[in-house]
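A, B, C and D are the chain letters, set down in written order, and residue numbers restart from 1 in every chain.
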Amino acid sequence: MSAETVATATTGHPEHADHGGEVHESHDRMYVKIACILAVLTFLEMLTYFESIWPDGVERYFAAVLLVLMGIKFYLISAYFMHLRWDKPVLKRVFITGIVIAVVVYLIMLTAFNFWSGPGVMPH
Amino acid sequence: MSDQFNGEVERRKMSPKYDHLKRVRKYVTVLLGVSLLALAGCGSERTPLTTLDPRGEASQAIQNLVVPVFIVAGIVFVFINVGVLYVAVRFRRRKGEENEFPEQVHGNTKLELGWTIIPALIMAGIAVGTVATLVTLNTEPDNTAKDFEVRVVGQQWWWQFEYDLGRDGTVDFVTASEMVIPTGVPVDLTMTSRDVIHSFWIPALNGKKDAAPGRLSKLWMQADEEGRFIGQCTEFCGLSHAYMRMYAVAKSPADFDKWVAGQMTNAKIPAAGTAERRGLEAFTGNCAGCHLISGVNTPDCTPIKTEAEYDAKANTCWVGASPYTGAPQVSGMAPNLTHLMTRYVFVGALYELRNVDTGEINVNNLEGWIRNPEDYKPMAPEPTRGNTYGRGMPKINLTEDQIDDLVAYLSTLAPTSA
Amino acid sequence: MALVEREPLALPSGAGTGVAVEPLGVLARPHTKTGWRSWVSTVDHKKIGIMYGAAALLFFLVGGLEAMLIRIQLAQPNGTVLSADVYNQVYTMHGVTMVFLVIMPMAAAFANYLLPLQIGARDVAFPRLNALSFWMFLGGGLFFNTAWFVGGGGADCGWFCYAPNSGVAFSPTHGVDFYAVGLQIAGAASLIGAVNLIVTVLNMRAPGMTLFRMPVFTWMQLVVQFLLLFSLPVITVALFLLTFDRSFGANFFNISQGADPLLWQHLFWIFGHPEVYILILPSFGIVSEIIPTMSRKPIYGYPFMVFSGIAIGFMGWGVWAHHMFASGLGPISVAAFSLSTMFIAVPTGVKILNWMATMWGGKITFNTPMLFSAGLVAMFTIGGLSGVTHSVAPADTQQTDTYYIVAHFHYVLFGGALLGLFAGMYFWWPKAFGLMLNERLGKVHFWVILVGFNLTFGPMHILGLQGMSRRIQTYQPSDGFTFWNRVATLGVFVIAVAMLVFLYNIYASWSSWKKAGRPNPGADPWDARSLEWSIPSPTPEHNFDVIPEVHGQDDFWHRKYGEDE
Amino acid sequence: MAETLTAPAEGGHAAHDDHGHETNTGITNEKLGMWLFLGSECLLFGGLISTFLLYKKKLNTFPGFENTTIVRLGRNVFDIPFTSVSSFVLLMSSLTMVLAVSALTRDDQRRMRTWLLATVFLGSTFLAGQVYEFTAFVKEGLGYTTNIFSSAFYTLTGFHGAHVLIGIVILMTMFARSLQGKLRARNAETLEIAGLYWHFVDVVWVVIFVVVYLIK
């Protein structure tokens, strides 16, 4: 194996050694496209801040919408920019294990603090 | 107030809900006797803090759960340990077997599944009992005393008990070290703390519950019989953690009412010119910045200075010590001394204030404590980094005459009726 | 040892990787082979492992002395040997030392020494990081202990150092600052070590060494390293918050500002419960190596052993609040954590029964490692069962923070973890040093420590049920605790004797081996089963002349005796 | 002995032959190690974010503190459009980072260096924004020790900022190595691993931006 093929085949890049240079270009274009999507999503997130432009009653869905947008952004960056889509599954598993343990454990902790309901301390 | 209170207690006898516990208790007592004998073996010593001698509904409910769990654990313990010994003896390699090989068994899935599932089933059984008991302990009993509750406030290193008669959220009187409750009726306790985390534990009456600053936690306890039940703070809380004790004193409902009525009165102001009066002056001059005496300190907790103020028998001032009105994070307050002489212990409930049998005041302890508090328990009363109050009672440097006068005054602190 | 490479990177970090062909920063690998320099500059996993073990033993002596002080103070009511202030420091330092500076590094010693050998690798994945890990751990441990001399006294807040008692207002000396920073450093060391060892196991196994052919010890260490990987950041957060509170006036545990004292407890125990398994699983792994070897049988139910270890690893994340049953969590949380705790007993029970089944029908050689292993099975069971009584939340409200729980965790950590680590020391001593520890002294060590241990901690069950609180610097004559406390204090001296026997054994075995020119015990003195026994003792620096090819579980055994049937 | 060492081991795995030597997972140690570290970091930021959420709520419900200046400071101090811009800047730095790695795999040194510098520049811009934001908050009276909200906020965002700073240092080192001609296509993975760290820091900000700044 040449150094070139070793590097590309194992760094987990989407491009494969037998692909030509224009494939690199197309992947760069894909990165730019994803960055555009990310920018648009961030813009949408920001718009939720300007409550006056939204019809009444929509605000209560913002938290859910924001979390969904956040999830999409998280997915796009980790799957494409961090190559998890193309990389060996074990990396995905390690990372997801960390995320899942973090989310589950800390959600349980917040639940134990009565985070989701009522005042947390010193009821009058 | 007092009569009505008494009536409440009378009306609410034991509900049938707890009758089955009585039956369970009978044979549990037998088992308990056996396990006590086994466990305490040489322990011919009396152990007043024991967890195995329940004297109330809540602690009994725990006991009824603990005993079967201990039995199951004991069986497993014997099974495994005898098993290890048996295997060790039977399958020991003997002389001449140096080159023999046992059958190479890799496992047996069915068998192993079996000993995965059987422990799981045992645990499931224990789980059912656990949840049932948890429900019992976390449900306020129907016959809970509805006309008062006690707020238990931990601080370094003593316990304060704030009585809220009528459960209207206002504190009616305050005592320390000894929590008096009526027998035969569950009492609601609300736990909190003014500095660090403490844990309130009267082993004879219920399990422990932390008293954490900034949080309220609930506990109920009921004493079936009259008596003094000792307790100990069980969450490490600093220097005098070992010296932070308390008593739950169960009185008959009638005695309890009498006690409540007494606690509701103000302290007497001794006549001018007497040693007691000089003692009161020593108190207001040296002690009243921290200690409160109902009828002596003014509502904003500044010491009474003039004759007119004494005579006015100004309002009570205890609420100043309550965390409900904004908790100073650091112990700056000291036990409320109104009717001090209705208590038998002081200084973290560790030292005798009065003899329990004769009621005689232990002047030695009282004088010694005032003279040099740090002889009696470890404290850090000097201000330190981040703590402008210090922790515990400082040395006041009174003259011996002042100490005598002060003790004379403190000895008068009891309601007239008592 | 002429065969050791001359070029620095002939056996580079990861003699199995090499894809990133030219690392960016190339530092020459240290070459000194002898003298203290070879130890200070080493990046060899075996030397680092031995240094971990030596450091842990050193800290064990410190922690043991602290334990003796505790017991001497409690030998009589109203003890005056230590003041309350000093007592609080001594028991805190004892706990922290034993957990973080003895059992964890001792387990790390075995992991470092054995993981590469058991999977057939020439070193860990990142040898230099490995050295960094060790020196950071040592630095953290020493830093933590310097509080005695420069911090105005050691930490005085208990090993879990609950807020707000750990705040400046209530613990004004610098002991807690040393605690927070010292543990932070040691924690970072463990995190680096965890990454290193996980990569080693996942990436550097010899050909044919599939995951399910790995020895159980390697498996248990893999689980432990994952637990470390995910739990250490949580204590990192907690310790940072504490440090920021104490040093920069942050408000994380400032109750008057509305902070919640339970935040520390949750963060601490989210780390703290996986930590319990971090402490015990290595010993489970050690025993799972020794029992089959000495019984001359394969481990019974290998898949069950592995999966129960993994199950413990996962379930260990869902039980932390059982340390907080009395803290006013609320009934639903209490019930949930009570149930989850009960069911973590199941995989643990599976392990115990599988060890017994391994012994069943075997031809068991009762030498010192085996004695310690059997001792673990029996003693850990007691700790496990008292753990079950703690999982029953209402019972726990009577037992927690009494000596009953002190008895419980000493049966787990001493009767479990420590006995296992001793077993491992006797077992792998010939591999590491090329000499056997004296068997007779070893057996004396075992029986004396078994008696001493039960004398010390057995009575604590009774004391706890009699209502003796933990962490009290003294008790009253009227409490009725005197008798059993005397017994416990007697016990600690018996343990001390056992430890002296052990230290003498190390000395005597070493000197008699040197003087008498006793023969090298050879590569495989126990007729063992895993790869590390296929290479000479002491292990050559490059481990394997030829990277072995593995054809199954217990490959080395089958190479010696052929396949079963 | 020396011969046995250099002779190919069974299965064709030669001790000295590092080239083309596969790891068991097919992933290099360095990359696997980085991912493990990132998995671990999830728990770190999770803890800080949970602490922040808890204390934000606590402050709003703490008796006697409702509607005080301090609480209002905690609630309304954020300048969302400003933070949105800095979030955007950090997102774009991820793009430049991935383009730099892509350029390096082609051994396109000029582009690689350009994108690398762009990444450093964008990261620094983000940090500068954070410094500006902190200064503005302190001027409004929200210091580190003001209340539980402010302590938690500064600690969380401060930890993130520290991560960005470390990332910048790493990337600068990479840039320096490339000037020395040491960063070539064959060690593209080194840059990729640095990139993984960088993207992770970005991803954490994606979460912080929503959870800390936007959700009320």
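Just so we're on the same page, contacts are C-beta pairs under 8 Å (C-beta built on N, C-alpha and C of every residue); 3 or more make two chains touch, one makes a residue touch a chain.
From a predicted model like this one, the values you see are computed outputs, not experimental measurements.
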Exercise for the section: Taking the mean of all protein CA atoms as the centre, name the chain whose own CA mean is closest to it. Expected result: C
Exercise for the section: Weigh B-C against C-D on C-beta contact pairs and write down the one with more. Expected result: B-C
Fill in the blank from the handout: Cα centre of chain A to Cα centre of chain C, whole Å, reads 37
Exercise for the section: Let me have the rounded angstrom distance from the C-alpha centre of chain C over to the C-alpha centre of chain D, please. Expected result: 33
Practice task
Quick one: report the Å distance separating chain A from chain B, using the average Cα coordinate of each chain.
Solution key: 52
Completion exercise
By the touch definition above, chain C meets two or more other chains at residues 19, 21, 202, 230, 234, 254, 258-260, 262-263
Exercise for the section: Could you list which residues of chain D touch at least two other chains? Expected result: 19-20, 25, 27-28, 32, 36, 39-43, 47, 54, 58, 62, 186-187, 189
Exercise for the section: Name the residues of chain A that each touch 2 or more other chains. Expected result: 3, 6-7, 10, 90, 97-98, 101, 105, 109, 113, 120-122
Handout entry: Of all residues in chain D, those that touch chain C in their complex
Key = 1-2, 4-5, 7, 9-11, 13, 15-16, 18-25, 27-30, 32-33, 36-37, 39-44, 47-48, 51, 54-55, 58-59, 62, 65, 144-145, 147-148, 150-152, 155, 159, 177, 182-184, 186-187, 189-190
Completion exercise
Residue set of chain C touching chain B in the complex reads 83-85, 88, 157-158, 162, 164-165, 167-172, 254-256, 258-262, 295-298, 300-304, 326-328, 331, 334-335, 338-339, 342-343, 345-347, 349-350, 352-354, 356-357, 359-366, 374, 377-378, 381-382, 385-386, 388-389, 391-402, 461-462, 464-476, 478-484, 561, 564
Handout entry: In the complex, chain C residues that touch chain D
Key = 2-3, 10-24, 122, 125-126, 191, 194-196, 198-199, 202-205, 207-208, 229-234, 236-238, 240-241, 244, 248-252, 254, 257-260, 263, 267, 542, 545-549
Problem - chain C - residues contacting chain A, complex - result: 19, 21, 202, 226, 230, 234, 258, 260, 262-263, 266, 270, 317-318, 321, 329-330, 333
Problem - Residues of chain D that touch chain A when the two form their complex - result: 19-20, 25-28, 31-32, 35-36, 38-43, 45-47, 49-50, 53-54, 57-58, 61-63, 80-81, 84, 87-88, 91-92, 94-95, 97-99, 101-102, 105-106, 185-189, 192, 195-196, 199-200, 202-203, 206-207, 209-211, 214-216
